[in-house]
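Shared chain: chain A. Partners: chain B in the first complex, chain C in the second.
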Partner chain A sequence: MKNQNRLVAAVSTPAILIGLVLVVALIGAYGDVTTARVATLALVSVVFVVGLSVFSGNSGVMSFGHVAFMAAGAYTTAYLTIPVPLKKSLFSDLPGWLSWLADVHTSFPVALLAGAVVAGVVGLVTAPVVARLSGLQSGIATLAMLMVTYNVLNSWTEVTRGSSSMIGIPRGTTAWWAFAVAALAVVVAWGYRCSRGGLQLRASREDFWAAEAAGIAVGRHRAIAWVISAMLCGVAGALYAGYLTSFNVNGFFLAATFSFVVMIVLGGYLSLSGAVVGALAVSALQEVLRRFQDGQFTGGSALPAGVADLIVAGVLLVVLVKAPYGLMGVRELRLPGSRRRAAEPAPEAEREPAHAG
Partner chain B sequence: MIIEFLVNAVGLGALYALLTIGVALLFGVLGLMNFAYGELILAGAFAMYLFRDQPWPFAVLMAILFSVVVAVVSERLAFHPLRDADPVTLMIASFAVSLALQSVARMTVLPRTKGVPPESFLSHRIEFLGADVSVLDLLTLGLCGVMLLGVAWLMGRTSLGIQLRAAAEDFRMASSLGVKANLVIPAAFVIVGVLSAVGAAVLVARQGSVSAEMGLQPMLIGVIGAVLGGMSSLKGAALGGFLLGAATALLESLLPTDLIAFRDAFLFSALIAVLVVRPQGLLSGTKVRVS
Partner chain C sequence: MTATDLNPTRRSSVLRMAGGGIHFDGVKAVDGVTIEVRSGEVLGLIGPNGSGKTSTLNLLSGMLKASAGSISIDDQDITRLSMRQRARRGVVRTFQSGRVFGRLTVWENVEAAALGGGLRRPAARALTAEIIEELGLEPVAHDLAQQLTAGRVRTAAIARALATGPRFLLLDEPAAGQNESEAVELITAIRGFAQRRDCGVLLVEHDMSVVMGTCDRLHVLDSGRTVVEGEPATVRSDPRVIEIYFGKRH
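Showing the complex of A and B:
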């Protein structure tokens, strides 16, 4: 009986989250064009923010550099799926050692996997840095990683097209693909969270020195979480590229970073449910604000560009002041009945973390 | 030739030191890594644009006024309620402030880049120590140098400076010894406002234009300089900023042109390396105050 309850408690959160994502996917699959676009991009955001939360949520260390992994996934998808003749004309000046890029071609699912692998490799290379730093230093270092990535993508014109847009990517992402990946991301994130390593990492989030003293290799677990989250964010980038069919390097810079930070902070960055709820809620909010800015609610007169950003920034500030741990705090969505019985293995959920730095 | 290069390099160094102090001061006093610093510069630059037809000194005074007002208001609205928050929360909040101020600029007057016609006296070239240097380079050097000396005097010789340094050292101890948080924190924001306005005046004169995104580059310079120099002491930060500026001037005249585009990648990789190897900064001997 007890084991059964524990099982229900363990699967109820991911089941609810997947259900939530399914609802959005249904809206995306059967809604009109605009709705479908918003819903699909919201699912892509879910994949990204869930990926970010695998690292930030479990380690308590905020990262501002994950958009770089998204860029890795998106560029990989572009190289692998743009039709070869078009690619030959887009990348006519490839340096010799990269000339094979113009000839490779794969299907979209393979490109999704490749996006994850490439982002994972980037994550593996940067993991030693993340393993050593916490708090503000980690924030600055991850931001610096984003700056390096942006600078390289923007300046290495022969290979990345620089500031010109990447075009001609076939539309591979559908609402169902986005749903499948989002559901998989939720399962992976939940699985990691409940695993031995995830638990150890969360212990280090609550009290770094106590965890070290208890023999937990905090750096190693941070590195593992960093690579897993890099891979998920890489898939998000691949989905993004496969949906929009064209993208620009400026889509992977501070504006995107800020928008994802709003999602994870608003939802509550310590909780997986917070990541999903935050991504969906902020996607919806941004769409409403976009329509507001275009004048759809004010009788057709468009408001100046920037109103939407201003409101989003205001919302973030209010959340930071009034509820620094977001909508969900450290709670997870659970079936109503299972909450009390499930409470005993998780005393951690009862209190706010001592320090989240 | 060598004098010309020196004036340019030292001038850029002084400007970068100024930008770095603005970041380091707030970090020292309240643990705030202020990403909205660029938008304080934007406010000053906007004043330079607005009063471009007035005499230059008047425009600079208005720039100081604009930047200080924006700095104090942002402290009041955003950072005051978060005074006890951890540094990462403060950093996220400063992102939000930065975006909000940029949006306001974009909504009102700066949807596009606006040109600011160069002041005629700045484009003159004069004889200086036997070399031919532009007034602009001399002005950069002079103005930033004076500001740096001013900050050094303020921090070293006045009661406010001593309170600020005490607050930077140990905020709780300082406040229990009678340093008033409601005095030193706004004072720090006022100083940062003045510094960023002077930085803005120089930057606008050098670039000849104003845009909503113009704050990003100086803000990043301030952050890199502060990390390189060690964020715990203002002197270290100023030195870090100075060396960064001098090195940039050197790199730009030495690097082959096809590598200049990747300058930022090199700079930020160096920043990561410093954080990993010596988080207390290259030039600082004391322990780091980062959580």
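Showing the complex of A and C:
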């Protein structure tokens, strides 16, 4: 009986989150063209933000560099799925040691996997740095990683097409693919969070020195979470490329980073439910505001460009003031029966940051 | 009689700092202190505010790097090991301010420490259940640590330290804020936990009367230096201790 309760408690959060994602997938599969597009891209955002939360949510260290992993996944997918003849004309100046890239071709599912692997390798290379940094230093270091990636992609024209768009990617991503990957991301993220590594990393998030004093290898666990996180964001990039069929390097820079940060912060970065809810809520809000800005609700009179972004930023500020840990705080969505006391709100204490003294 | 006598299978060992020192911009917080904690005993480290007790504990646990002296477990030098590496060798500390993992449950606090101490999951869960029961934390096991009362925070911090698998347990004022009889009760309980695990305890406390009946030996610090160390009765009657310790109060 007790064990059964524990099992229900353990699966209830991912089950609810997958249910939420399923609703969005149904909208994506059966909605009109515009709605379907918004829903599918919202699922791609769910994959990304869930990936980001594997690192940030468990370690408490914010990253502004994860879009680089998304780029890794997107470029990998482009290289693996653009038809060979088109690729030969798009990349006629490939350096000799990379000329084999013009001839490889894989199916979309293989490209999804490859996107995860390539992003994971970028994660492995950068993990040693991330393992050693916290707070402001980490923010700067991850931002630097984004800058480096952007500059490489923007300047290495023979291989990346630089500032010209990457085109001709076959449409591989359907609402159902996006759903399957999002559900998998939720399962992976929840599994990691509950694992022995995830628990130790969450302990270090609360108090770095107390964790070290308990023998916890904080750096090692940060590195592991970073790599898992990178892989999930890589798949998000692959889905993104496979949905839009063309993309531009500018899609993987500050605007995207800000948008994802808004999602995770608004939803609540400490909780997996916060990541999913934040990604979905902000996607919906952005779409409503876009229509508003285009004049759909005001009888056709368009508002100046940028109004939507301003409102999103305003919403973020209000949420940060009213609920610093986002809509979810430390809570997770749970089935009513499996609610543990730990999941209940802690109104008084939650307003203060964790004490370290 | 110490716990070592009762448990002959485990070799008794000693955590030792020899001539340890640390200074902060000219202030010598610890100045040439030699201190030994033996398995099975409770050593009280006492001294007035600012006398260097916490700093000594920081040196032993590796939170601070010693600017002089060396630290060892038996014949093994651990001076260069980090706090985490020392924890894995059984040198486990608590903090004067508790520092529990606030947004984790009490259970998770203890289990994280058991995992940090190197246990696999099933063993960590079993140990967590055992410690939570032993310390009477079941009623709050699934509460977030930040919701606990001050008394429960102290107990949770001790539970976490026990879960790490200490051979030497370094406790920084575990009874702070409690009255004398509560403090004596808590320390007596700690003594029991420690002896059952055959571990040595260094107990920082500023109240002399609390440590008198609960510690095997006392080590008195003042201005970062050792004043005297030895049996409680001897220490208490030492004129220098009466001067620096009781002199200030009466």
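Observations, loosely collected:
One rule holds for everything that comes next: the second predicted complex is superposed on the first by the 340 of 357 C-alpha atoms of A that agree within 3 Å, B and C clash if a C-alpha of one lies under 4 Å from a C-alpha of the other, contacts with A are read in each partner's own complex, and residues count from 1 in each chain.
As a convention for this text, a contact is a pair of C-beta atoms (placed from the backbone, for glycine too) under 8 Å apart; a residue touches a chain by one contact, two chains touch by 3 or more.
As the structure is a prediction and not an experimental result, all values here were calculated from the model.
When the two structures are aligned on the shared chain, A:Ala203 is found in touch with chain C, with no touch to chain B. Of the two partner chains placed by superposition, A:Leu7 touches none, neither chain B nor chain C. In the superposition on chain A, no contact is made by A:Val84 with either chain B or chain C. In the superposition on chain A, no contact is made by A:Cys194 with either chain B or chain C.
Once chain A of one complex is fitted onto chain A of the other, the partner contacts of A:Ala302 are absent, as it touches neither chain B nor chain C.
Of the two partner chains placed around the shared chain by superposition, neither chain B nor chain C is touched by A:Val110. Counting residues of chain A touched by each partner, chain B versus chain C, the larger count belongs to B. Touch criterion met: A:Pro324 reaches chain B, while chain C stays clear of it.
Using the contact criterion defined above for the overlaid structures, shared-chain residue A:Glu212 touches chain C, although it does not reach chain B.
In the superposition on chain A, the residues of chain A contacting both chain B and chain C are 355-357.
Interface residues of chain A, counted against chain B in their complex, comprise 62, 128-129, 132-137, 139-141, 144-145, 147-148, 151-152, 155-156, 254, 258, 261, 265, 303-307, 309-310, 312-314, 316-317, 320-321, 324, 355-357. Of all residues in chain C, only 61, 63, 82-84, 87-88, 92-93, 95-105, 108-109, 111-113, 115-118, 120-121, 124, 142-144, 146-147, 160-161, 163-165 touch chain A in the complex they form. If you check the complex, the residues on chain B that touch chain A are 31, 33, 77-78, 81-82, 85-89, 91-93, 95-97, 99-100, 102-108, 111, 216, 220, 223, 227, 261-262, 264-265, 268-269, 271-272, 275-276, 279, 290-291. Residue ranges of chain A in contact with chain C, taken from their complex: 196, 199-200, 202-203, 206-207, 209-218, 270, 330, 340-342, 346, 349-350, 354-357.
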